[in-house]
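Some structures to go through are shown next.
Heads up, the next two complexes both have chain A, just with different partners, chain B and then chain C.
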Partner chain A sequence: MSAPASLTDRITSGAMAPALEVVDLHMSYIVRGVPREVLRGVNFHIQPGEAYGLVGESGCGKSTTAYAALRYLPGNGRITQGEIRSGGRDITSMSSKELQAFRSSQASMVYQDPVAAMNPSLKIGRQVEESFKLIGQSASDAKASAYAALEQVRIADPTSVLDRYPHQLSGGMLQRVVIAMALASKPELLVLDEPTTGLDATVEAEVLDLIRALRSETGAAVLLIAHNLGVIRTMCDRVGVMYAGKVIEEGPAQEVFDSPEHPYTVGLLNAIPRAGLRKTDRALYSIPGELPSIGTDLPTCVYIDRCALADEKCKSTPPPATSVGEGHQTFCHHVDRVGELRDAEVGAFSNVSSDDNVLQLTGVAKTFRQAGQDIPALVSVDLGIAEGETLGLVGESGSGKSTMAKTMLGVHSYDPGGDIVLDGVSVPAAATNRTPANSAAMQMVFQNPDSALNRVWTVRRILERSIIKLTGASKDDARARAEDIASAMRLSPRHLDMRPRQLSGGLKQRVAIARAFAGDPKLVVCDEPTSALDVSVQSAILNLLANIQNDQRTSYLFITHDIGVVRYLADRIAVMYLGRIMELGPTDAMFQGVNHPYTEALLSAVPSVDGETRERIPLDGEIPSPKNPPSGCVFHTRCHRFVEGLCDTKEPELREIAPGHMIKCHLDVADLGVVPVQVQRKGSTFGEADGAELQSSDSFDDTVVEGEQVDPEDTVND
Partner chain B sequence: MLRFIIRRLALSIITLFLLVIIVFLLTSVFPNDPARQLLGPFQSQEAVDQLAEELGLNDPKTEQLGRLVKGVATGDFGESYSRPGERVMDLILPALGNSAKLVVLGLLITLPLSILSGVLAAYRKDSLFDRSVVTLGLATSAIPDFVSGILLQYVIGVRLGWLPATSNAPRGTGFIGSLEFIILPALAIVLVYFGYIARVTRAGAVQAFESDYVRTAFMKGMPLRRVINRHVLRNSLQPTVAVIGTQIGFLFGGLIALELVFNYPGLGSMIINAAQDQDLPLLQGGVIIVAVLYMIATLLADLLISWMNPRARSVTAS
Partner chain C sequence: MKTSDDIELMDDAGSAVATDVVAEGKITTLKQVRAEQRAELFRKPSFLIGLAITLFWVFAAIAPSVLTSRNPRQAVRIDGSTFARKPPSGDAWFGTDSIGNDVFARVIHGTRSILLMAPAIAILAVIGGAFFGLIMGYYRGWLDEILSRIIEALLSLPVLLLALLVLTLFGRSRIIIIFTVAALFTPVVARTVRAAVMGETELDYVTAAKLRGESSFFIMGREILPTITGVLVVELTVRVAYAIFTVATLAFLGLTAGDRTTPDWGNDIADNYRLVVADQWWGAVFPALSIASLIIAINLIADSIDQVTKQ
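Take a look at the complex of A and B:
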């Protein structure tokens, strides 16, 4: 992605001042009268028309920096040192009138949560018009401009959208509206703070496409904040990696992601499952320790406490900027040794799934009734989960993933006619009718450990109670077992006497997992267990889950939106749409074989951190309501391979196209699409390789496979 | 919206009917004999019985209830016992007018003052101003209206002599002139309600100021005053409106002590007198009028809230 030619010319000639220039920015939060430093000298600049990304884990200061760029500080935030300039003007010294003019006409922002970013009690029209009135337009002009603005963000029916309230629109649609408002002033600088976090991958892809297109139309410079490295890679020209309130590495996006030169960046990239990595290839790297809390005194290198390379020099001298390529610099004393970390060898997990199904669903359906109307949320699902297997479950929000999980666990009773067999024995539909042994055998780990754990109890009490409830153990036995489980989950004994709120997100999730394992479960349903966590914490949790499975041969139903994670962890993957399984198959087959058109579209939507580009298959509109499912194949309304007269009249059967690989589609295998092969790159940073060449290793041995250089080719779907 | 109003009105009518029954049951279990009360201890039992018969006190309960329901429907609660020859409605209306005058004046001062203070306190959260509003509000709300009323009466009315110390304006005083007499009790209302409403408003406004949509408005480059008017008030005043709606009923019928302190003939003192006199028609009429006012106030508050909040509208209408 490049800036429009005219702009590029001007940039290279140096005629224009940077769209944003942050110089040695220090910021503190005043907590009980004491300033605590949150930004410790941030430096970067964005040229007009350029897209710059800031990455880093939560708490690193990237959002604080983004808001500071428009001088929006929290009530207790103070800029203590440094400058922020835009178009040559110092933002920190503007009067409030000047600042209002700057925000209304030169810089705009798009936010993480579009639902919250819109006033719930005003119609969309009034809120969009407001942006135009603020740049001096009359009421009637603003009305016309609002209509045009919604057209510009590709909203099909602006008139009806303008007349609605925010709660009547989807998140993706609202984000378009927010973008339309941000573009009202034709800003020179557009700050995007996690603009697609919380949106479905398919919607995310649409929004990113839109931002990309608008950028080349408007020529605005972009500051993009995202924790999803794939988003940054596909959107940005240059990227800065932040840690503890400092940019510790900066360079062209491609270079930073392909050959990181700071120990933290290496750790971060090694922590994500990428380039088709599987659990049988290697364990994920996780960074030991935690981000220093704000206000911590860090006189030298900010990463010193967690760095494997840290030595005396790091403790005594702040690392200077070291150039490691054109426009690529890193703040590390040991650039020459960073390679050691990149190639660090870690173990792998083995595939322990057997042929015996621990759980078998036959014709399981769930129909809700609402206002006298039947709503089929789950339609005749046949599915087996083998012992020691991880079954990944993917699909957009509203596809029925959670309904299926809850029906398995008996939270919802399945409709008469279905059957759930656990370990060869039929279990009652409702959880209340199941035996304690049934309940112990099937447990769940939730997305949000905060609401899953009793906040007033200690970890010890939470675990003991689950053990007693699920196994009927005595108080003393439960006590001993709680300690065993906790140590198996790598919780230290001191954590046992803490309460959930005293623990970090990752530790809380460990407690939630420990709780699920209290009664030696056969199957654990993991509902997005890592989506609220940072990547370095996510990797530790995924490793933990894989480890337990290796030891105890537990089966997992792993629900996720993250294709990289499911590819890493799952042995088989099921794709759901409107309460039906559309495709089911071994992970390798799913990524290399032909796919259901829906899977094809889902996979094409994932922004890749590996820089591969592929043509996105758009999924138009939203997932239909299960109240009125489309006729024939339920996916036909959004399918890019739709055959008229066939797909809209007859619902296809789930049929086997290769051993264990099933799809619910009328089309011949020859007419279906294949997911592009993963690009292999040099550098062998992450031991990636084409999944097909990998063998499952049955031990914790080092199985890092060196990839060989292949020119990145754009594999495009037809 | 129309459907919402109709449903809400239908509910109000049912509530009113239940209320009439409750009022009737309460007043019909009075321990003493209204006829004896009216005639005094020295009249003969025959006279008392005859009066009871005339008043319909011996009629079956259902018939008495029927009369009350009819009275509510027609707005005619019959004749007062304690002031023979006067229609209940003719006694209630002037008292109602007096109460309305006091309540409206009180709220006219309270609302702008407390809403403005609440919003500003929220904007400058944890500032000296914020803490003063919260603390002062708590302090004045904690003092009962009649206590602050007596204080005002003594200091401003008696010692300083700036305003009349009692509120019963001499006959022939015009409307504007009569207002002077109720400033002191109105101030007592202000003292009680300022803190309460300011705090409710502040809580809502704090939420609004911390919300993402207010951030959006600031990021659009919108001036503070416009942000408050367009984005903060509308979303933060919903609890305030609800509170005012429920307090209006109390203000009309519950300021008994304050009215007594200032010797002000409002609805509260009228009802308490009717109860003491066992003037059943007047008591029933007064209580029902207060209840109807309460219902109207909450209905209006609900309508206002649903106008302010489109989400509440779609939920309640479906």
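Take a look at the complex of A and C:
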């Protein structure tokens, strides 16, 4: 295997040893007694101070590589071949003592889930101090260092945070603490494994800003693992694309994302709705087949089974590294033909929405009671969904999106006074009081198919049962119809007799969609149906949903965090905050025109894979608890256009600012303005620029969840 | 390898939409997983030891006379004279008790009653526990509150005390012992099942079932119950071990079904433990070791299965 040695000289300090160098790394997991190869010769290196990203589908070995880089191997993991060097020393051959010294002084890791990374029974202060004591500081020094460390990660009130327990902090705040601990030893190498995956887009943007700023302050090299290509693009200098335990393309991030030169990278990038793509423009590309499971024998090109360009040569010879630009190399025999894939023609979907509302919500509210206290989770929502329309529903976690969906479906009964009209007829509040016809008309596709499908039932039973319950069909009819629906969802007949765990994530989600369509529904609620899936599978699912809609004129309520997806699929978008609809309008208008300040902030937080960056509008702090909503406009506590004396006293009405486009804001359209789109930035310079900006304008106070709830009384009196 | 499923399908709108159908042979089938788990299980020494010991006792229960030719109720006579209170030797492997009965024969013949009663108790307890656990975990609310308080009250009293009370009130037939001990184990099982059911009701498939209008009875019995069989199997094995212990203890306290001459491990310990201080340890120690070996063996099996299936 040839390590990309030519690169070493190019980047800044050619003489220094790389911060991390992985050479021909092979690794196996022993599962049920059999060793299964998961890394099949990984090669890459990271220069001091450089940010390197690894991307790929789940199961491609990127996290394994990250853990292996610090030799954090699970009990059943074995390095079978290859070397990992950091600062010139081989990590694979270190004794456990040397390894401990290496980890405590030279390298640190930040994990995906900050909650799991902290001990729930110890105060933050004790845990942060511990990481300083580990590097030999005295108790009093460690205390001072802990304070300074939290200041460094822009926590406004370190004293109070140090005195709290992990459960009292929000996810974003905890991730800052974890980063502070990782930086305690002033590491030369920082490994970040999906550091923002569980966080809201707005919090993610803040954490990424922080990492970027810290990088320029500390000069640490960064290995970043993320499945979100936008995150990698905005954060990394160079990127490696992994597939089946191999790096199959590597190069400067900007170049790889703008002109990918491996069929797999092309497939991945084409699968995401990017650059404002709409469903009426074209269908999404998807990669056929799926990632080979670990331990499978793959003698030649690892991508051969899913590649449209594969021929005899790919079967017989492993592809060599081909240079396709400065520091940009790809492992493919057919670099000259990759262009064909980039420009492949596909059809588009048509807009089938009509003017007739299939579902109309009038004054629908939902108040939960907890410990004798009323919690208004949904506040008087008026909303109509037209036949054949996709209504996108966005907002941070805790904004009431799922509550609204579940209230519509009757999982929660709405408060008296509201009304839900389906096809001109009012339906009962509770699902248990609804007729089979009502139930059949409104169904749901859940976020996580593992949870949504009974794991001991076969696919056939899952489908047949729904058909029988929703249409009243006989057993024999149900059997025939189950096969029809399955084939319409592009499931093959042999999948019918499998149980969910035997299916891949994408197939499971197809089964869940098939179940929702068992009784010819009028409206299907899709609750983040692709957020648990890889992009290559996501595109196939989105295409499938759009396709069914084209054929059957089904309406969708599409809940998502992914702005790219909602822009692609939705005809109209509703933005929710604290159980209220803040903005509602046609998709094009939402992305071109004047927005509610909350929408502005949401849109500005999205890391773009196209390299376009908006000026980020920080959303300070947490979404307030619906138990104790702020006075006046509920968003005024976090609004960057807040007008004192108006927004904090009077709740604005939802008013129309353009045909079909409504916002719940006091401000004039002229005052709201358009968020400017910045010019594309060069990959290497944004670190410093952003750091400076972050320090001056951003304040991260208030991020403590409990006990610091906004008090409406205070704000009124001020 | 490529199957026809992998080829891009053209949909009606004319766009090429590929499927993510799994190519044949790439996924590990359930059958393969099971085979690998079984192979792993039979490589575990703890499992093999547990299995060997358990099989030995099961064999002893089915065909005791193959293992010993002596009658457990008849004093051993060697050369015409009684052979009582003799330590373990070639003539009597585990020695003889105060009457002269062969301890080995009594241990072997004593297996059957315990191996009949313990599984029966465990099965009844798991059935009862599953019933209450499902109701409590699924409905929650006041029903769960009331039943939980009752369970807590029951669990705060010593099992033995309650068993003694019931058995003195209703007599001491084998059936009454089985039902009493099973009833006393039910709350413990119910609590475990309740927790598992609560976890399941959080999952979306339960919501999906409600959305298509399924009855609570259907959701509990057909949707949730099959998913918690793992928990039930573990509970069953654990309860078998506890049942052996509890039944032996009751016998030790004199609460055996049938007459006192019937070979019974607990009973025999009770009869002989006073002789331990007189250095005649074999009469009590061998039945005690038998109880310990069976309980340990069952736990070894349960743990091994648990480890392998969790991988």
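Everything that follows uses one rule, which is that the second predicted complex is superposed on the first by the 658 of 718 C-alpha atoms of A that agree within 3 Å, B and C clash if a C-alpha of one lies under 4 Å from a C-alpha of the other, contacts with A are read in each partner's own complex, and residues count from 1 in each chain.
Basically, a residue touches a chain if its C-beta (ideal position, glycine included) is under 8 Å from a C-beta of that chain, and two chains touch if they have at least 3 such contacts.
For clarity, every value in this text was computed on a predicted model and none was experimentally measured.
**Q** Clash or fit: chain B and chain C on chain A?
**A** When both complexes are placed onto chain A, chain B and chain C end up clashing with one another.
**Q** Would you check which partner chain A:R89 touches, where first means chain B only, second means chain C only, and both and neither mean what they say?
**A** So A:R89 meets neither chain B nor chain C here.
**Q** Going by the contact rule set out at the top, does A:E130 touch chain B (first), chain C (second), both, or neither?
**A** The answer is first: A:E130 touches chain B but not chain C.
**Q** Going by the contact rule set out at the top, does A:R337 touch chain B (first), chain C (second), both, or neither?
**A** A:R337 sits against neither chain B nor chain C.
**Q** Please tell me which partner, chain B or chain C, touches more residues of chain A.
**A** Counting contacted residues of chain A, the larger count belongs to C.
**Q** Considering only the touch criterion stated at the top, classify A:R655 as touching first (chain B), second (chain C), both, or neither.
**A** Neither partner.
**Q** Regarding the shared-chain residue A:P120, is it in contact with chain B (first), chain C (second), both, or neither?
**A** first
**Q** Contacts for A:V537 in the overlay, against chain B (first) and chain C (second): which applies, first, second, both or neither?
**A** second
**Q** When the two structures are overlaid on chain A, which partner does A:R78 contact: first (chain B), second (chain C), both, or neither?
**A** neither
**Q** Under the stated contact criterion, what part of chain C meets chain A in this complex?
**A** 1-2, 5-9, 11-23, 26-30, 33, 36-37, 39-40, 43, 203-205, 207-208, 210-214, 223, 226-227, 229, 308, 311
**Q** Under the definition above, what is the set of chain B residues touching chain A in their complex?
**A** 125-126, 211-213, 215-223, 230-231, 234-235, 308-311, 314
**Q** Considering the complex alone, what residue numbers of chain A touch chain C?
**A** Those residues of chain A that touch chain C are 31-34, 282-283, 285-290, 292-293, 296, 305-306, 344, 346-350, 406, 409-411, 431-432, 434, 436, 439-440, 442-444, 446-448, 451-457, 465-466, 469-470, 490-492, 495, 499, 501-504, 506-507, 515, 518-519, 536-537, 540, 543-544, 547, 550-551.
**Q** Over in the complex, which chain A residues touch chain B? Could you list them?
**A** Counting only chain A, the residues touching chain B are 70, 72, 75, 99-105, 108-109, 111, 113, 116-122, 130-131, 134, 165, 167, 178, 181.
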